[in-house]
Amino acid sequence: MRASVIGATGFAGAELLRLLDGHPQAELAYITSESSTGEDIAAMYPHLRGRIDKKLVSMNDLQKIAAGSDVIFIALPHGHAMKIGKELRGSGVKIIDLGGDYRFRDVKVFEQWYKVPHADPEAKAVYGLTELYRSDVAGAELVANPGCYTTCSILALVPLLKNGLIETKGIVVDAKSGTTGAGRGLKLGSLYCSVNDNFHAYGVATHRHTPEIEQIYSEFAGEDVVIQFTPHLLPVDRGILATCYAMLKPGVTDADVAKAFCDMYGGEFFIRLLGKGACPEIKNIRASNYVDIGWQTDARTGRVIVMSALDNLVKGAAGQAVQNMNVMFGLDETTGLRQLPVYP
Amino acid sequence: MRASVIGATGFAGAELLRLLDGHPQAELAYITSESSTGEDIAAMYPHLRGRIDKKLVSMNDLQKIAAGSDVIFIALPHGHAMKIGKELRGSGVKIIDLGGDYRFRDVKVFEQWYKVPHADPEAKAVYGLTELYRSDVAGAELVANPGCYTTCSILALVPLLKNGLIETKGIVVDAKSGTTGAGRGLKLGSLYCSVNDNFHAYGVATHRHTPEIEQIYSEFAGEDVVIQFTPHLLPVDRGILATCYAMLKPGVTDADVAKAFCDMYGGEFFIRLLGKGACPEIKNIRASNYVDIGWQTDARTGRVIVMSALDNLVKGAAGQAVQNMNVMFGLDETTGLRQLPVYP
Amino acid sequence: MRASVIGATGFAGAELLRLLDGHPQAELAYITSESSTGEDIAAMYPHLRGRIDKKLVSMNDLQKIAAGSDVIFIALPHGHAMKIGKELRGSGVKIIDLGGDYRFRDVKVFEQWYKVPHADPEAKAVYGLTELYRSDVAGAELVANPGCYTTCSILALVPLLKNGLIETKGIVVDAKSGTTGAGRGLKLGSLYCSVNDNFHAYGVATHRHTPEIEQIYSEFAGEDVVIQFTPHLLPVDRGILATCYAMLKPGVTDADVAKAFCDMYGGEFFIRLLGKGACPEIKNIRASNYVDIGWQTDARTGRVIVMSALDNLVKGAAGQAVQNMNVMFGLDETTGLRQLPVYP
Amino acid sequence: MRASVIGATGFAGAELLRLLDGHPQAELAYITSESSTGEDIAAMYPHLRGRIDKKLVSMNDLQKIAAGSDVIFIALPHGHAMKIGKELRGSGVKIIDLGGDYRFRDVKVFEQWYKVPHADPEAKAVYGLTELYRSDVAGAELVANPGCYTTCSILALVPLLKNGLIETKGIVVDAKSGTTGAGRGLKLGSLYCSVNDNFHAYGVATHRHTPEIEQIYSEFAGEDVVIQFTPHLLPVDRGILATCYAMLKPGVTDADVAKAFCDMYGGEFFIRLLGKGACPEIKNIRASNYVDIGWQTDARTGRVIVMSALDNLVKGAAGQAVQNMNVMFGLDETTGLRQLPVYP
């Protein structure tokens, strides 16, 4: 399986290289960067030294890249993948986009939140949250890999929404992400001295992962769900924790809640249910494709609080992309993804 | 002004020493520790070396300590201060307790959440959130210094509750604290390798600061308020950020919200209003007595999200205690507390 | 290959479990802990949840453990392994000790620096710095896995000592280690608030890895080498950087230095030579078995400065132990150890 | 005393603002920035909000700034101060330069290491390491404030050099600095994800603080001293630790070493001698003007290892600058600088 990575010099791209290197059936074909064309990837990411010695090429000749690849991962800022997808769809190559371009069933929602017109509105992409849409992914040509906050938030509440255990109004998702989520760009807010010993919210009421979460919540709830989503920046490299608040419907018991999680995720390799009263920790899933989920109910308030943790670069990006690739090519879904978390 | 610190070897106690050392009108009388009686405080906290060379004494002879002090700060785990308070009330010394013993108007609430009987139920303590109860503090013999999460959460929403701008049902406070909040005790969860690169919730639905926040919210709302409070552990030493969610009442405008904050805090030295759309950062208030507050409204959900940040060891403990001392002794409230935050 | 881990609840033990889980030819037999006998290892290390669900047993019945194992890793504080080794030598099981007990050719040196009598002085252990003693390891029954500082320091200077390029007098090794090196014990100095934002030396002139480094330096130099070794504690979980200073002998050129490194390590999978002027970074080797080495020469002073970086839990402990296991059992040395570093 | 800060938006400039704000006899006159002229300093450094609400001006009209100031601090990259100094010398204003321009007695050494011609070679600047050159500073018009690594390294060994207790050959200074030392510029190496969990050397054998250290070492030794200086980047915001290695001359005793330190620094407010066997920690001096010094001798090697710790933004930059200002204006040297370290 020849795999190419379009946009290999961002954190998600580099993580794809790490995971594909350890994948027994994948082989790197092309890796691209427009700003660093011609450079050795190991010069930009010395941790890859001695193992991935490919040169970065331009993505100008997409047809050549597609001809030499069985699957193409796109790890670019939003707005680029839809042009690439438009050109390559139908060429036989499988496409997995890690950005936002193809994640919305309704192109208008994309255009409203991302403020750019969509270049490829006819595309039929499958939303690649593997555990929820596995069979669709299996037959897909084009997979829209979900956002990092999105995967974390969706997996936390979908079992309860699907089973009608919580009110669809009043949901609050308070999420906290590591700094790799902000990318490798040179911004004042990404400096060590800006992030270390610090913590703050950002994008309050306006973050683009909001409509993506609502889309899937609504689908499983069977009605429109509007949520409050607040991201925060953690002084860590990797990891997202989403603390999700919802009102339990009258009469719902702790057993109902537990059953909903077990029924839906009991057989999932990458989802670990910690149970009621347990608080997942981001360090326990670091550098792995796992999602750890715990919850608590509060009789005083009638609420359930669900907490989920994942590594934003793995299950929140490159790992889930490889998981989708495995499904698309009929491999065991866990191939190349069974590494245990790195602790501490 | 002779000040003594009962329990000087915890983080709050040591921070009191730092602040009292810089206070032009205070002089250290006694500092106590039962486990380290006879030791030099600088041996336990070498940052104090050369400046505070007092030996730690036992608190066994409370009367002697009281006789040699104008004010006594108690920085002990809950359960101790109520015995000390019982013994010393009426002796003429002013008492400021940094623990939970005297924070509840209703002793039964204390006993229910702290699971110990109260030893001094007749005491009339003033709740020392200075900005809200300044005149009461001025005349108090015994001040219950508020909790760290509590100060942060209360200041965030009280202006909106007082002015009836938000619904009293459905309030969620998602709070994140630095590791000094867990104390200097030897616990697996407090090890560097447990906290660094990590993040998780704890005490979900059960944390003891919950009823303390509710008590003051209810007082300002004029009706019983029940909240959802969730604390999390941040990989930083100092700082708390509370992200507070509430539904705006119908018709409430952004201007109403801004006015409520300005009316209440416009003249406060230690509260800095960052305004709508601004996200406070814990690093911007570090090592100072400031509270930074910002907020956002969300037309999609009808919610207001208020964020407040403070240093849990200063405004959340020792700093507010000194602020209360200043008020109790008729000094300028900012005496010894005007240091700017240390950034970065 | 059935592998047992004696002392599985320390950081090195837990890292062995992570690596053995990913090893295609190893299978866990017994894991032991005296303080947590009967507990589930995943209760102590939740990152292992769902993958390693073994219960911890006591090491009391060593013969039973040996009978059920092909190889036993000992990850205990010094003083224990020599008793285990004494009992098990000759029983057919291979033994790899990660502690200090068997690292010294001269038992007196051990006794002098570790201040305990040796219980098994007749044992013929092989010093398991794989790249230097590979053929000895291949035939060994008992391997003494080197210390973390030791591996890092030795690999940095041995090529220059072996080729007589540096003076044997005046060598200074200034080393810096992550906090996992201090273990998981509950110590004031290991608390998050003690380590975060901090840095300091410790064990100056007295650290036990000093004679271990000197032993191997001397062997390759062909004369007694006495060094200055200073360890420091870094506010990171994993990683060691050793900055090693030595005087170049008269007439030695940059080309001589480069040749010595290339000749000795050019064919080594786990040693990456970054070359002259390059500074290795501990993040580039994190969670991998790699050692990155760079150097600089200084015409003003006549010195060469060699810097080496490794992960103290992998190449400095569990990874090298698995590497030795591979060699002892005739496997490809890199089996189970080819994971790329986790960056960032 | 009207004080102006030329280059107020770097970390050293911002720290000057923090310290001058707390100085009872200083008042801010002008603060300048060429890139942010017209902006509010608190918009760039929100920790200053509500306290320092000055607008940044250009330094174009230097004469006006000088006329409105009693003292001017220059906190710019090297190469600028010498032009400012040339223009302002003789105008009556006192000048304290925090950069490298005026630190060298021999302009050629500056030109060789900084690779620019000197614009003001006739200037007679005083080297402002206050403890060593206090009386010169007192009468100076122009003070060259020492570098951060420099202050730390010089104070560590000067007592031993002055008293002829160590060999002048073979000195190694292995130094480690927090990330504020790299400034607030947008560089890949200064990103959080580049620095967190990382550690590495840089500028090996070529760092510009080397000749500055040698200049003062030589002066106190009475002969030319050439040293090996290696800086490293620590994952902390503030703090430098220098580990300094030197050979004791024959017959020198521990008592001689201790006496040298006590004689020279016994009366210094900002230097705390921890004594033999003690290892200073950077967290114990954080945000203060203190320098903590400890040492160890090693009978095996004949060496003394001296360790010194300071906050690179305070005693290594802005704090020492204010200390010099105090001396220049005849104030108590500790005015505005008595704050205790912030711990933890």
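Going in written order, the chains are labelled A, B, C and D, and every chain counts its residues from 1.
FYI, a residue touches a chain if its C-beta (ideal position, glycine included) is under 8 Å from a C-beta of that chain, and two chains touch if they have at least 3 such contacts.
All figures in this text were calculated on a predicted structure; none of them were measured in a lab.
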item	value
Chains touching both chain B and chain C	A, D
Most distant chain from chain C by Cα centroid	B
Centre distance in Å when chain A and chain D are each reduced to the mean of their C-alpha atoms	46
Between chain C and chain D, centroid-to-centroid distance (C-alpha), Å	38
Chain B and chain D: spacing of chain centres that average the CA atoms, whole Å	36
Contacts with 2+ other chains: residues of chain D	11, 180, 193-194, 196-197, 235-238, 281, 283, 286, 344
Touching residues (chain side chain B, partner chain C) in the complex	11, 179-180, 184, 186-188, 190-197, 235-237
Contact set on chain D toward chain B in their complex	11, 14, 18, 21-22, 45-51, 180, 197, 237-238, 272, 274, 281, 283-288, 290, 292, 338-344
Partner chain B, residues of chain A touching it in the complex	170, 172, 174, 176, 193-194, 196-202, 204-205, 226-228, 230, 232, 234-239, 241, 243, 245, 277, 279-283, 286, 296-298, 300-301, 303, 305, 307, 309, 344
